[in-house]
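In the two assemblies presented below, chain A is common to both, partnered first by chain B and then by chain C.
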Partner chain A sequence: MNKVIRDLLSRKTFIFSIVVILFFAAIALLAPVLTSYNNPYQVSQQFVAAPYAVPAWATIFPQYHDLPPDVRLTLTPVSASGVTPVNSSFVKITVPAGGEVNVSYPIRWNWSSPYNVILSFILVPPATSDFNVNLYMNNINIMELSPVPIPPAVSVTLGKPNSITFSSQTINPSNSPYVNSLPFQDQPLASLEFPKAVLPRPGMYYLVISLQNTGNSPETFLLSNPHYTSLGYAYGRLGTDDNGGSVFSEFVYGARFDLYLALVASVLIIGIGLIIGLLAGYVGGFTDLTLNALTDFFLLIPGLPLLIVLISIFDLTGVIVNVNKAVLILLIISFLSWPGTAKIIRGQTLSLRSRTFVEASRALGEGKLRILFRHIVPNLMGILFAQLAYDVPGVILAESGLDFLGLGIIGFPTWGNMLGFATNDLSFANGFAWWWVLPPGIGIILLSTAFYYFGTAMLDVLSPYKLRGE
Partner chain B sequence: MSLLRYLTKRIAERIALLFGIIIFNFIIFQVLPTIYGVNPAELYVPLTYKGLPRSELVQALDNQFGLNLPLDERFFVYMKSLLTFHLGISMSYQQPVISLIEARFPVTALLVIPSLILSTILAIVLGLYSISRQGKVGDVAVSFTSIMTYFIPAFWLGEIVLYFFGFYLRIFPTNLAEAITSSNGHTLVGVAYWVDLLKFLTLPILFITVISYGVRNILFRNNGVELMGSNFVNYLRARGIDDRKILYKHITRNAVIPVVTRVGIDIAFLFAGVVFIEDIFNIPGLGRLLVRGAENLDVPLLGGDFYIISLFAVIILLALDLIYPLIDPRVKYE
Partner chain C sequence: MIEGKDLRVYFKSRDIVVKALDGVNVSVKDREIVGIVGESGSGKTTLGRTILNLQKPLSGEVLWNGKNVFKLKGKEEKEFRRQNQIIYQNPYEAVDIRLKVYDIVAEGLRVHNIPKDKEEESKIVMETLRDVGLTPEDEYAKSLPNQLSGGQLQRVAIARALVLNPSFIVADEPVSMLDMSIRAGVLDIFKRLRDERGISIMMITHDISTLGYVADRIYVMYQGKVIEHGSTDAVLDKPLHPYTQALISAVPIPDPSGRTSLFSIKVKEEMEPYNGKGCRYYPRCPFAMASCREKEPNLSGVSSDHYVACFLY
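After this line comes the complex of A and B, so read on.
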């Protein structure tokens, strides 16, 4: 055993394959630790950042340099007369009769404009109705709060805490003076234009809450420090997709699913191939003839079209009403992929059967089953391992292809689904979304090549006889 | 005599295979729905057609094609219809399946045959390079790249290539309809038509070439490397024949035989292999027809297309069996 390991470790390709396989296995196993989104195709897990956000590390490149990350801030006011802090999060503002007090909140903005702007705070207005509250950002009137709501003003309840939320994504002519100030034809695009208007470029900006007292006596307002939130165009390790879902989560969970499916399918393929190959090779005669014909038949049917036909017809006739689609794909792929393995095992069994040691044990009176399991199967171990490894890339490619065509798994991220959706959405506008298109493809190639080299190394090292070819 | 036996054996085998494929088709498209309680006729009718309700259409189909007959009688009706190429009428295209296939067959052929030739040449040229520099950096790099091409998902790289060369660099047209119409909207004719069509097909053809040469290259290289150490090469060398001549004349001739076999097999699975590429480059060929059939759950189209693809494979394999003795005289007619 020691010699086997030393032999394996002396191969560069084996080291490469082990490193790659372990990397993806680690990703697959640690998926829940690595990312907090387990299915970014669910609506609740979308919009973790702007759609088509680049990876955070990509901001080292000049063209992405200014893109903002997700920003969450609690704004604190500049001290001014009439503004007295109550505690760490509330300020009390006394506005003289007929007067106006502006509370300014500075925002240090280091990036280009974000995807959206959300402001939320709690306002406790006085009990009388003689007041008006205006929100300004970058000197643009973005919101108006009034006890008498005449659009675009928004109503507030008197004397009670109101939690006010301003979201650039829901603005329209009836809730924001900003939209009204736009030319009519631009109003439907207001939510897209808004971030560019209020945070156009890096710099210092002010959110101003202007409190007006139109009554005859001084009034007191309570105001919490506003929370500022915006989704950015630079997010996480691998950015986001067209729905703002985390590509990294998709990649990790895709790897998890693909590896799992590929390994289970390969084991199934090996199982079927081993049984049929052993039967054909060892029993011989009529069994061999029939099984060989069957193998040839499946080998000669064009695989991909058959896969497509089977999936569709099963879909159509309702065979899969009670069966998970992933299980169905697993079974069909294994059902269509065993012939190659079976042929190789049959050939090998045939050659082993006529070797002297098998003949010797037969002469010693050993039973057929005992010869099969004590002498032939152990000698097939190298081939079995190699086939296991060779089958993995085939399964991954077949499954990804189906997903890519939209005939496979639905509603769950797999590498094939990622590629399908990503390539559908490629355009100049999102810079061809390289952070979304490249990882699954590179993942498939790396993993497949690694399994191929792993299989080759296993075949070379574990086969007691020099077996060449596949 | 032995040749005759060989031929009859091969032909019998292939006919048995064809029979198997028909049975397989029958099981998938007729037996399976029946087992799961679906009348196969229902899979062949659209929801409404010319204002007639679905049930009437189903009954009409039942009468016409005997789809409500018991399975054993239906099998012969089905086999007869396949053998006479009565493949039904596509639901999504509302045209006979066979005419759809006829229209798309040349498209796929135009796409696949040039790429087959090009990739074989590429495989042999790179293989010769590898053999002459066996074990050196160049050989390792070429072999590694070839193995990589097995595993590159065609649909992924194809999309990237299409966007890079088609949309970004604008070297190749990306839309078939645009490529073959003139700027005022008329279809081009004559030489201009063919030039523009070829301009459009260049990118997919080159892409298929690059993605499919790997298997042949590895076959050729491994064979050549093996031959390099064989006795007859040593003998030639001892006779003082130039290394280059040995390589180009003797080794190439012997090492190319498995490549030819492989090309034959590739021709057989020609139309099966380019499903993704047709889908990506939006080429209306047989593979795309199949995908469209699957997307629209168009059973007659799926069944017909699948049958034709398999039939083509069987015919080519048979032809390959027959001409193989001419390529490699060492093969014995067993």
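After this line comes the complex of A and C, so read on.
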């Protein structure tokens, strides 16, 4: 055994394959630790950043240098007369009759414009209806709060805490003076243009909440420190997809699925392929005839077309409502993977069975079973691993192909459907989303090659008869 | 004592039927080395394999101390396997090259549960390796077959057979793969086995000169038939069948006893195809007569220890 391991470790291709497989296995196992999004295809897990956000580390490249990350700030006001802190998060503002007090919140912005801007704060206006509150950002009047809601002003309840949220994504001519003031044809695009208008480039910006007293006695306002949030264009380890889902999470859970698929396929290949091949080759006669026919039947089933038809039928008729489609695809693909191995094992068993050393074992008095397990099976190990090496990537590729075409799994990320979705959306505008396309592509290639190298190394080391070119 | 009676083994490959054994009678008595000689394809290996119940014959039987070996079951079959061993022509093909020499030799012991424990097993294996001249034995025990030369591996194969303390061994061209210089050494092992342990041996070869050195009796085979047999001295001194004479004259190395010079038989140059009913040798026989084409000759005794199948006698 030692010699086998030493032999294996002396092969660079084997080391490569082990490193790659272990790497992906580690990723798959640690997926819940590595990322908190277990299925970025769910709406609730999307928009963790702007769509097509580049990986955070890509900002070292000049063209991505200024892209903002996700930003979350709690703004604090610059001190001014009439503004007194109540506690750490609220300030009280007293506005004299007919006067106006501006509360300014500085924002240090180091990047180009973000994807969106969201501001939220709590406002407790006076109980009188003689006031007006305006929000300005970069000197643009973005929101107006008023007890008399004449669009674009937004209404507030008098004397009670109002939870105010401003979101650049929901602005329209009737809730934002900014949009209202735009030329008519520009209004639909206001949501997109807004971040560029208020945070055009790195610099110092101010959010100003302007409190106006239109009555004739002093009024008191309570304001919480506003929260500023914006989604950025640089996110995480691998950026985001078209829905702002984390590509890293997709990649990690895709790896998990593909390895899982590889595992199930391997188990079936070894479980069914090896046993049927061995029985057919070693027992021979009628058993061989039957098993061989069975193998041929499964071998000749055109796998992918069958799958496509089956899945379409299931989808259309809804026959199998209770069975998870993904599980079904996994099982069908895996189940179609063993016949090749059964054939090869049968052939090898036939050839081994008629070898002189097997006859020599018979001459020594060894029984059929002892010969099988002591001489035949060990000599088949190499070829079995080689079969795993050729078949498992085949299974991964078939499944990925199905997903790529949109016929397979779409409910959760797999490398195949990542590639499929990505290629649908590649364009110059998103820099061909290389961070989205490359990881699953490279993943499939690496894993397939690793399996292949693993198998060939095992084949060489475990098959002395093959080695000698017999 | 083991004997094969009227053994027939036909192989069908596509439409052609190869009669590897066509009514062969042989016997090997206790403490006897019997030589089987014949050209390539004459059925020697098939004979050895059939005698040991490794090849089922179409007809005929093999008697081992009076018992039909094809009908042995259970304990008796196991005992037959233990007592009768075979050494193959090509040692590289005859051993599982994944296994270490130690395990190759110990395999038989384990199958027959001979040693009480690992220590005894190791003792027997090491002793046997020494017996066949593989010293230092613990070095050899650890090595793998592909680290050994053909001669060394053939000794391993011999050790594998000997470790079970057999009473009969089929040695199928045990020296044909070996260098001239070490052949005598390996042949000596067989002579010693017979002399010291009383083992009977069926020595298969296509080189009749080696038999003069070791065999007590010789069977000459031609195309699945025994065409001459008798004591070594009778067959080598007075070969009767034209084929035997040709075999002896074809021996390339000078025979110290000078037997070779007595015969210089020519083989016919152009051959007509065999007609299916006459003597199998007539296409090549320089003495062929008209009657040779009509009927096959049967083995008949020219003396008490010399039989030949030829119409000349």
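Things worth noting here:
Operating definition for what follows: the second predicted complex is superposed on the first by the 401 of 470 C-alpha atoms of A that agree within 3 Å, B and C clash if a C-alpha of one lies under 4 Å from a C-alpha of the other, contacts with A are read in each partner's own complex, and residues count from 1 in each chain.
Operating definition for what follows: a contact is a pair of C-beta atoms (placed from the backbone, for glycine too) under 8 Å apart; a residue touches a chain by one contact, two chains touch by 3 or more.
These figures come from a predicted structure and were not determined experimentally.
By the document's definition of touching, of the two partners only chain C reaches A:Thr356; chain B does not.
Contacts of A:Asn379 after superposition: chain C is touched, whereas chain B is not reached.
Of the two partner chains placed by superposition, only chain B is touched by A:Leu304; chain C is not. When the two structures are aligned on the shared chain, A:Glu366 is found in touch with chain C, with no touch to chain B. By the touch criterion defined above, A:Leu316 lies against chain B but remains apart from chain C after alignment on the C-alpha atoms of chain A. For chain A, the partner touching the most residues, choosing from chain B and chain C, is B.
Touch criterion met: A:Asp296 reaches chain B, while chain C stays clear of it. In the superposed pair of complexes, A:Ile445 makes contact with chain B only, with no contact to chain C.
In the superposed pair of complexes, A:Leu419 makes contact with chain B only, with no contact to chain C.
No residue of chain A contacts both chain B in one complex and chain C in the other. On the side of chain A, the complex with chain C involves touching residues 3, 355-357, 359-366, 370, 375, 378-379, 464-465, 468.
Those residues of chain B lying in contact with chain A across their complex are 16-17, 20-21, 24, 28-29, 32-33, 36, 38, 43, 147-148, 150-153, 155-157, 159-160, 163, 167-168, 268-269, 271-273, 275-276, 279-280, 287, 290-291, 293-295, 297, 299, 302-303, 305-306, 309-310, 313-314, 317. Listed in rising order, the residues of chain A touching chain B in the complex are 293, 296-297, 300-306, 308-319, 393, 397, 400-401, 404-407, 419, 423, 426, 428, 432, 437, 440-441, 444-445, 448-449, 452. Touching chain A in their complex are the following residues of chain C: 49, 52, 54, 77-78, 81-82, 84-86, 88, 90, 93-98, 107-108, 111-112, 144, 146, 160, 164.
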